[in-house]
Amino acid sequence: MTVNANRTQTPPASPPPPPERTRQVKPARHRRSNLDLKLSPYLYISPFFILFAVVGIFPIVFTAVISFQEWDLVRNTGTFVGFEQYAWILSQPQFWVALRNTFSIFLLSTVPLLIMAILIAAMLDRNIRAKTFWRMSTLLPFVMAPVAVALIFSNMFGDSHGLVNTLLANIGLGPIPWHTDPFWSHVAIATMVNFRWTGYNALILLAAMQAVPREYYEAATVDGANALRQFWSITLPSLKSTLIFVIITSTIGGLQIFDEPRMYDFAGEGGAAQQWLTITLYLYNIGWGEFNFGRAAALAWILFIIILIIGLINLAITRRLVRDEGGRGVTAPRRRKGIQR
Amino acid sequence: MTSISYPPLAIIEEGIPNAKRSRRGRRTTKIRGVRAGTWVYIGLGVVALSAIFPYYWSFLIGSGTAATINDPNMSWIPGGNFIANALAVVNDPAVNFWLALWNSIYSSALIAASVVIFSTLAGWAFAKLRFRGSKWLLTFVVATMAVPMQLGVVPLYILFADLGWTGTIGAVIVPALTSAFGVFWMTQYLGQTVPDELIEASRMDGASMIRTFWTVGVVAARPAAAMLFLFTFVGAWNNFFWPFIVLDRQSPTLPVALALLQSNHFVDYSIVLAGVLLATIPLILLFIVAGKQLVSGIMAGAVKG
Amino acid sequence: MNSRAIRRGSAAIAALSASAMVIAGCSSSQGSSTDPDGEVTLTVATFNNWGYTDELLAEYSKEHPNVTIVHNKAAGSDDARANYFQKLGKQGLADIEGVEVDWLPEAMQYSDLLAEVPDSLEGRWLDWKAEAATDKDGRLVGFGADVGPQAICYRGDLFQAAGMPGSPDEVATLFEGDWEHFLDVADQYREATGKPMIDSANSVLQGIVNQMEYTYDKPDGTVIATENPDIKEAYELVVERAIPNSAYPTQWTDDWNASMANGEFAAMLCPTWMLGVIEGNAPEVTGWQVADVFPGGGGNWGGSYLTVPANGPHVDAAIELATWLTAPEQQIKAFANAGTFPSQLDAYENPELTDFVNPYFNSAPTGQISINRAEAVTVVPYKSANYFKYQDALQNAVTRVFDGSEDAKTSWKTWVAEAEAFS
């Protein structure tokens, strides 16, 4: 994990080297600080874990248990059926369609979203006037209540009278079947997702960018690096930890997209031919539409495994792409051109 | 070339043919760097416009009448009805607006504060303290985020029903007091922005772990904490499904109360959207406060120290 | 989700406000269910608009001064349903819970958790209404509230422009007949004007299916969905003849809401609760009328019941209140408030209902029309807890054909595959 990676960085050249350590510690103090060192981490994490065990872990365990059962919500009882629920789900064509949809929407949303978030964060990081206004304006979409977002976008992407199709007609392009064609429905939903989450992720990246000392940029400017160069060589590497965070949370969130496909039409079923049915929407309909919680739990765990696999892949990709250069610490930079040192 | 106060890459930059030589020698550049150019403002303007547009559109509908949303020739100038619609929202006896507003404010604030505190503590431990099993525990916490939360409602309800807490605002607050997301975020942020040297220096000065946490960790975490507070507050504010299930209809939170508008005012989206905008105002106020916390990188000063 | 028979009351019909809530403070009532004179707070939970106004509930409190009533409203049927099944058998439900007929079959699976309707009320309701709420052991567990007898609502002005008759009596004669005849008239309209007559194809499907005795499965549990010739015939009729004559595949979209005002279609199947929907969506239009006719004679769409959870703290008092609320007099008042049509037989003799006239629909005698249509209902399909899964999937099949995602044969095959997976 990134946590360990940070610990192995060599100290930056910038701050003056710490004074020599002397080994003159008094015994009593040594003992106390040793205990302090060993015990306190557990104390720090325990408030979180105690509560989390009750409200976070208990539901998860419960979900795992009932995924192997035929569960009656009202009577709170179930009969053990082994892997039957899992087998049923995997045999449903709807599951595979939902999987395809989920990946499609995930790619259409997460990739542009992250690129835009980085760019927006970079812009916000600059020395601009009215900082608070610009920064907070990017978060406005996140705040908007789902019902309003649904109204706006369904109006915009309406097949017959929507704003977008009207605009397209004005420039001579044909109307796009937003609610009948799977691909275009994914585009529309990805747009809704991007709208909501880009600013959110941009601010996360911004918070991390703000911690990069300005002197680095200053010095680079003095040495003639342009903005793009500075971004690529100073900003991005310093963001490694945060980038990993953003990519992991976006992966998890992107594979769990629920609100937007659900609000995309009135019925909330993902389309008559399941054009935009995502896995979590499918799960919700099984659990809250049919009240078949055993089955829904099984689907949740299948999704969990999928997310785990994709998450690990993404993590590996990110770590390779974002080399640990500049910022807090420097490993020997690898350059293809320029003067070798 | 000065060789200490910047990373080695700058040395190599010399050899790059496209470097802007015109900037060289301009040592009087302000401490925060070159002022942003017009392109940045244009880009940000586009972003801000697309962010604000839906609010404006809601305001357009909210200041019209029930027929406005269906009107294909809806004008882009707001009508005059907004105050009337807003009053209809606030005075609707079924909606219980002021109580719902109060419930939302204090439950969201409590949740956000709690998440920030617990997450900073845990994040500090995971990021900067060494202890057995930290890596696995953190991975476990992150992995729990992958289990969809819709299902959590069922066992949580059973739990709270057994405790007899259904119908109280506590049932909304307690499950949300911790957040795996928050812990993950603070871990990454603190891990990245707090250099180990600062901690060592503090320990060298004889500070206990708590003091170190307080003087180094908490100070460094401020921008991230502000961010986390904001996100958590907004998330708690807009949460609908769980409060709907567990709360008594007498004492709702705002989204639950607003949902009633849709049935009471049959397809009158002007009132519904007016209500939605009203519900967003407290959040905007919070933005202004929290936004200022994001303005500077606190650590930039400390590192040089 | 379940079929979209969402009922909306008509706020415009009501002289009184269409919604109100009696807030009587938090309830922690001490009255025991056996002491009829103890202080009792009863909660009533409904959704959308059942016509239970403050004033109506206050009348009960006047006659029973020891009872305070608190009225909880959910935003819609879905929310109420989620809430209901989450809490049934545990704590948290109201003393009286409203149930929509769409999810009544699911609730009937747990009829042992509901209190029984007193025998003295036998015969109060339409027989098919009461039967749907009677479980295998003969216990009646639902107090019938409203029903949705279907007539035909049409735009008299558009009909006349198409050279067809426009007055309600003539139109009633015009549509008299079966579904094939109904679609003949639709073809006629389309030829004359080039526009579809019907609002949505799936409403026709619903109309046909709601006249069958057995649809997808039988009371003994056998599934006949994919083998039932009636279902196949209904599908084919809708796909071949109703789709070309329909403006939309399904209802309740923004476009569909807007189309009531802009003349995209000229007629629709109209349960009593739909009248308020039309008026709410097209307040300025004057051409809407109601014809006392329905293809195939009679059909019911929608409706609701009150249920009393058996593990509540004040079951006896709740039963008393539910009895009162679903009495003919109160239901008529609710109808006047919200357009929810009574299911109580005695109400059909009451001049307040028989003489009721709706000004928006050009003074149509909607009370008497609905009575006629309710009495014309001969068959109400048996609906098991799985009914809505099949029906929903079949409606999706029709939508796919309408949208062009699949052709008729393929869409049917897809439905058959889905239906087989349900069992």
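Going in written order, the chains are labelled A, B and C, and every chain counts its residues from 1.
By our rule, a contact is a pair of C-beta atoms (placed from the backbone, for glycine too) under 8 Å apart; a residue touches a chain by one contact, two chains touch by 3 or more.
Keep in mind that this is a model prediction, so the values were computed, not measured.
For the pairs A-C and A-B, the count of C-beta pairs in contact is higher at A-B.
Each chain gets a centre from the mean of its Cα atoms; the one farthest from the centre of chain B is C. With each centre defined as the average position of its C-alpha atoms, the distance from chain A to chain C rounds to 43 Å. Between the CA-based centres of chain A and chain B the separation comes to 14 Å, rounded to the whole angstrom. Residue positions of chain C with contacts to 2 or more other chains are 82, 86, 90, 254, 258. For chain A, residues touching at least two other chains, in rising order: 73, 76, 155, 161, 288.
Within chain B, residues 69, 154, 158, 259, 262 each touch two or more of the remaining chains. Contacts from chain C toward chain B in the complex involve residues 8-11, 18-21, 23, 26, 45, 47-49, 70, 72-76, 79, 82-83, 86-87, 90-92, 254, 257-258, 261, 276-277, 280-281, 283-284.
Contacts from chain A toward chain C in the complex involve residues 73-76, 88, 91-94, 154-155, 158-161, 177, 179-180, 265-269, 272-273, 275, 285, 288-291.
Taken in their complex, chain B has these residues touching chain C: 66-67, 69-70, 92-94, 96, 153-154, 157-158, 161, 164, 166-167, 244-245, 248-251, 259-260, 262-267. Listed in rising order, the residues of chain C touching chain A in the complex are 1-2, 4, 82, 85-86, 88-90, 106, 109-110, 113, 249-250, 252-255, 258, 389, 392, 395-397, 399-400, 403-406, 414, 417-418, 421.
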